[in-house]
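Note that subunit A is present in both complexes that follow, paired respectively with subunit B and with subunit C.
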Partner chain A sequence: MKQPADIVIALEGISKSFGKVHANKDICLTIRKGTVKALLGENGAGKSTLMSILAGRLQPDSGSITVDGTPTHFSSAKEAIDVGIGMVYQHFKLVESMTVAENVFLGQEGGRMLKPRAMETRVRELANAYNLDIDPAATVADLSMGEKQRVEILKLLLRKSRILIFDEPTAVLTPQEGDELFKALSFMADQGKSIVFISHKLGEVMRVADEVAILRKGEIIEEKSISEVTSKDDLARMMVGKETFLSVVKNKVEGGELVLDVKGLDGNGLKGISLNLRRGEILGIVGVAGNGQKPLVETICGLQAPEKGEITILGKSWKSFFSRRKNQDTLSYIPEDRIGLATCPSMNLSDNFLLTTRKGFKRGPWLRRKRVESESQNVVDRFSVLPGHISAQARHLSGGNLQKLVLGREFFRNPGLIVAEQPTQGLDIATAKAIWDHLVTARESAGILLVTGDLNEAFSLSDRVAVMFEGEIVDLFEVTDMEKRGRIGLMMAGAA
Partner chain B sequence: MTPDILIPLLAATVQSGTPILFATLGAIFCEKSGVLNLGVEGIMAVGALAGFAVSYYTGSVWFGFLAGGLAGMLMGGVHGVVCLGFLGNQVVSGLALTILGVGLANYLGTPLIGLSASGFVPVDLPLLARIPFLGPIFFQQDPLVYVSYGVPVGMWYFFKYTRAGLRLRAAGENPDAALAAGIHSVNYRWLGVLCGGFFMGLGGAYLSLAYTHMWANHLTSGRGWIAVALVIFAFWNPLRAVAGAYLFGGVMAFQFRLQASGTHIPSSFLLMLPYVLTLSVLVFSSWKGGSSATPQALGVNIEPAD
Partner chain C sequence: MFDLTIRKRQESLGWTAVLIYSGAVAMALLFSAGLLFFQGNSPIEGLSLLLEGAFGSSYAIEDCLIKAIPIYLCALGVAIAFKLQIWNIGAEGQFALGAIGATWVAITFPGHSSWVMIPSMMAAAFLCGGLWGVIPAVLKLKANANEIIVTLMLNYIAILILDYLVYGPWKSPDSFGFPMTQEFSSGAIIGKIGETNLNWGLLICLISGLVIYIFFKFTVMGFELKASGENVRAARYARFPYGRLVIISMLLSGAFAGWAGFVEASATLNRLQPTIMVGYGYTAIVVAWLARLNPFYIGISSFLLAGLRVGVENLQLELQVPAAFGEIMEGLILLTILAGTFFINYRFVRRPRP
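On to the complex of A and B.
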């Protein structure tokens, strides 16, 4: 525990509403020099609003911001930048076709003419000073996500930002890159920078933060030093406010017939994949994103043809299964991309409902609209999709509600095989819990292939777990095998 | 082929490539900032008319040349008002600009048809003109050709070594990132549209002031469209644009000579050659993966922040 340092920024009584929604209510927060402060909260708790206010992108309805003891008012992002507040967004703001140095200097070139050599040297010096490993002459498009994040950090360092805000910085990183980021954050804090770290992952907050503030429904519930936190469960309880954490009731379902059988699938970035799945079973596929999960899912769902190997879906070969539209009624794909692939943003909910099923809704070439509307309204009610009317357009739904709609739509078809890809990514714990319960219920009549990056989700839901690394299944084991669960990190990193 | 035939052919290649070069560079400059401009043909037509008219009435060819550029800039400004001011569709605005520009030039130019004005004439560059082979091809041309040698290098330098160039590229690649860096991309898009229009206008003026010394309807005859295709062939690189422009200049000069030689191939087929080449060039570019060089925000308007 560090000694309490000088307060750099103090927020007092900050409130902000959008229409009737109070995004932030009477928030008080202090940021100290040389400390890492974590801002923990569920989706929609008001973290992003608060940080946008701090970064000058939003103006609070009331309350005051004090920087170095002087009350300040930001009317634009530029003013916040000028006093030394910088933000690393979740979606990087980089120009892909330019070099690292060009990106770092963009907007702060320091003269009409550019000197690429000098720029690169300066970036290299800066990177070395903060232990950030980067090639200043590389093109950003060729970099990994972790390296891109370093470019964003360097941009702020060049501006001499004193307060660095990170919006869910580990969401896009591999575990190794995450470790490096944490090292860099600690190092920057030691150099006297103040770090604000927005997250909903408890583990990383416990690891890297000096202080934690917990936001719930727009209010700060708790603000304390990390040494006073006794356990993760404590934080989770404060964050969620109720005991819904990490528990799924799972009845044992007797294994039914084989719904999916993959033998020696090769090509498209896959290497000799073999797996099978029975009705009544959830098979979790875990691994760091980009290790072959995407081609595996796309091949099973018929989006790309298998190059080599055999796939049997519900008793039919891949080719014959996908050659008839009717067969496909029994396969449900719940894609990661909810707004682009799963739904059409500008269509209403009942039209979106029709996208994957027309069974019972057709009379010759005509649609039976009345029936579509009553059935889709039914699904919306049963899965509590908000706002609860089918005339809403899909793009107006939040990620969680959209996912519930997709789930309701897919389960309505009574599929025999469900492929769910990152079904709870980016959702708050309460919604994720609801989705988990739905999946577990659906398992009674279907086999579910659950592709996820969230180990906790995989362990809670799956009956068996397969670990993918570089297009291969490294291991496939019963979820009750605690010994292998302990080694899963190594397997995901390809070290076991 | 003997040098007696080859050298004049190559010299004609440079001459007919020059207007295409100016227009292509203009389109590259505009597209680098993220604004697609399909109005090159129309802007060239207006530039050609303005250049000829000013030269005719003032007697100064350089005024004419400048007027061509300024007229192009004005046309670019119209595109800017539609796309940057009112967030109109860039494709539609560009097509409208072509129709407008060609029509306007034909209409306003009617009284000038058949008249001739003073134009640019070839000037040998001292020493350079006497280099064997290369001299007659590159250095016994009119002054505008010499100007055109400098523009691609200047533009390349601008993109790579100036602050404005860096920001203009950022506006075309990722306006959101530019905004996060405190840059107002719309200003740089205006720069792109206006300067791009200027160079397209110069391309037009070259046609009426140096390539021919007269005004006729449809003087541009599709060169603007070739420029649009050449941008892709050049992978948005001003230096590569030179190669593309001379390739087309070569085909145009070649078919012209072939027609004059009294070949039996119907002239319509020969006139088609540049456009056949345009198609091949587009296929070639996409095969070579030119799409990865496309400015990422090309054709995408910048929505004001809410």
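On to the complex of A and C.
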């Protein structure tokens, strides 16, 4: 264990409210030199608010920020960057059409003329100094998520940031990329940088953090060194304030008729995909992100046409299914992108509920507004979507509540086939558990295709598991097959 | 000392929004006063002449209402397209086509009663204006053509078609060579309301506004249109017929502008002539934006902008201010409104310098 180092930043008595919601209440937090500090908490616990305050994007209602012993006030992100605080956001802020070096230097070009060579050399030096593998001349649009994240890190390093804040950095990464990130984090800490990372994944906190602070409902519940933490369960308990069980009770459902039959699907990055799914079954599709899951899901859900091969959905060919779609006993798609694809942020909950269920509320050309309101309120209540009233705008909901709304809406149509894509990504344990229970219940009347990067989720929920690598299904096995489960890491890496 | 910093608003606004927009209009008036001053006129006198000319007498208010009718219909159309985030700036051309369609009916089948004439002229204006709006929609969907460019270009084409007709085949033999059609038969003219100078076009406005309000609030397609405008990707996800929505919104958008053209030709001019094109289609953009696309507010803002036109006429007479002054003011209002939206989303905060 490292010795307690100098305190670089001390937050004291930080409070911040949005209207009536207290996002942060009287928070005290210290950040030390050369230390990785994890900020752990459920969705809506106030982690992002706190870090936005530290990064100068939000201003606290009260409380003080002390940097190197001097009380400081940030009125913009720029002022925070000037004293060495930088943040890597979950959604990267990069110019896709520019090169890595240009992005790193954006706003710091120094002079009117660009010197591409010099910029590339400087970025290469910086990358080498911190063991970050990247090609400075590459165009950002061609990069993987992991590489884009490294560009964001380089931007901060160039601006001589001493405190680097990461907002759920692994959410968008493949497991391998996550490992590389953790190595980079430790390395940067050894170089004297302070790292703060926001997470709700217990495993990675245990692995990489030196210290952990746990936030619950806007307050710091606990702040301790990682060596004092005895187990993951310990952390989970502190985070949610109650015992959570990470497993799901699943009773056996007899397989029904075929709801999805894919034969020899080819093209769009897919190679000869064949799989089938029966009512009452969950088929997990696992794999490192970017190995063909996206085109597979988009083809099955009708967002792109199959180039070659046959898809039969609920007994109908792909073409006839999507040209005449029924409102009941149909296909429901629960996409990964909850805010950009599944909902309209500035509409209220009942309008968002209507997005996919509108056909059930038609009378001629008319919308039966009264029924829409009562049914959507019903769904909001049954799925405990907070805040519990339908006039709230979707953008004011946390990720978990938004997902519950999407789930409630999609289940409302009694789907026969459900495609759930990363259904619990970015959600806290309690919400994830609730979503899992909903999915297992839905399985009784539907076949579920569960596309996930979370192996724990795949194994807990699925009846069968298919592993994808480079657009192919490399193996498909019963979840009870422990031998195959043991080799799944190799399969995902294409080595088995 | 104080520092000003910009903060994003975290709560939505209530009445402050009204205040901001009024402030924007006041700002535009202030700039206009400055312009008057540079012309050597007294700004106070100028602005009071403007207001007096617009709202100072019952005759003036009547005139404002008459001008507000075509502006309202055009703006309602523009708002439908804007709701779907289709930037239709072609109301001017759709207005021209509507006038052409109505005129064709009026001069081809003269002598019928107004019970036959008015509805068929409305249908023709609806179709011609609507189809003129559908052209850019189809080009957008099939060829990915930018609707801003296409609708703008189509305005010029429409005006040239109108010119061709009134200088050529439709020119009245007894117009002494002036470019205009013969006067419509009495059945083709929208009548006046009671003893006033107002025409029944006002009723078309009221009904259209109500229908559009109901359409957006209570129909499935209205909902689909609104939701697609909010988030096109979600519309695709929820399998809205996006292409069909674009076509229909542009059809309606053009049709309402077309009706404006019909009312103008029938009620105001009683014939078709080039002076029918006075830029209502462009004013409509300012009006729709000022009203945040709400049919009710469009009513208020078209009355105000019509007032501007009427008031400037008075200014022209009294102070010999050029006619372009009205257009300049209109442009200023659009600019200050657009600038005002910044204050809807952000606010300035004062804080003591440490």
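Going forward, the second predicted complex is superposed on the first by the 423 of 496 C-alpha atoms of A that agree within 3 Å, B and C clash if a C-alpha of one lies under 4 Å from a C-alpha of the other, contacts with A are read in each partner's own complex, and residues count from 1 in each chain.
The rule we apply is simple: contacts are C-beta pairs under 8 Å (C-beta built on N, C-alpha and C of every residue); 3 or more make two chains touch, one makes a residue touch a chain.
What you see is a predicted model, and the numbers here were worked out from it, not measured in a lab.
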item	value
First (subunit B), second (subunit C), both or neither touched by A:326	neither
Contacts of A:113 with subunit B and subunit C, given as first, second, both or neither	first
Partner chain in contact with A:102 - subunit B first, subunit C second, else both or neither	first
Subunit A residues touched - subunit C or subunit B, whichever exceeds	C
Partner chain in contact with A:89 - subunit B first, subunit C second, else both or neither	first
Which superposed partner A:75 touches (first subunit B, second subunit C, both, neither)	second
Contacts of A:355 with subunit B and subunit C, given as first, second, both or neither	second
Shared subunit A contacts, counted only where both subunit B and subunit C touch the same residue	none
Residue ranges of subunit A touching subunit C (in the complex, touch as defined)	18-19, 59, 73, 75-76, 302-303, 322, 325, 333, 335, 337, 340-347, 351, 354-356, 358-359, 361-362, 365-367, 369
Contact footprint of subunit B on subunit A as seen in their complex	77-78, 81, 89, 92-98, 102-103, 105-109, 111-116, 155
Subunit B to subunit A touching residues, read off their complex	160-167, 169-170, 173-174, 176-183, 293, 295-296
Footprint of subunit A on subunit C - complex, ascending	3, 5, 7, 10-11, 217-224, 226-227, 230-231, 233-234, 236-239, 351, 354
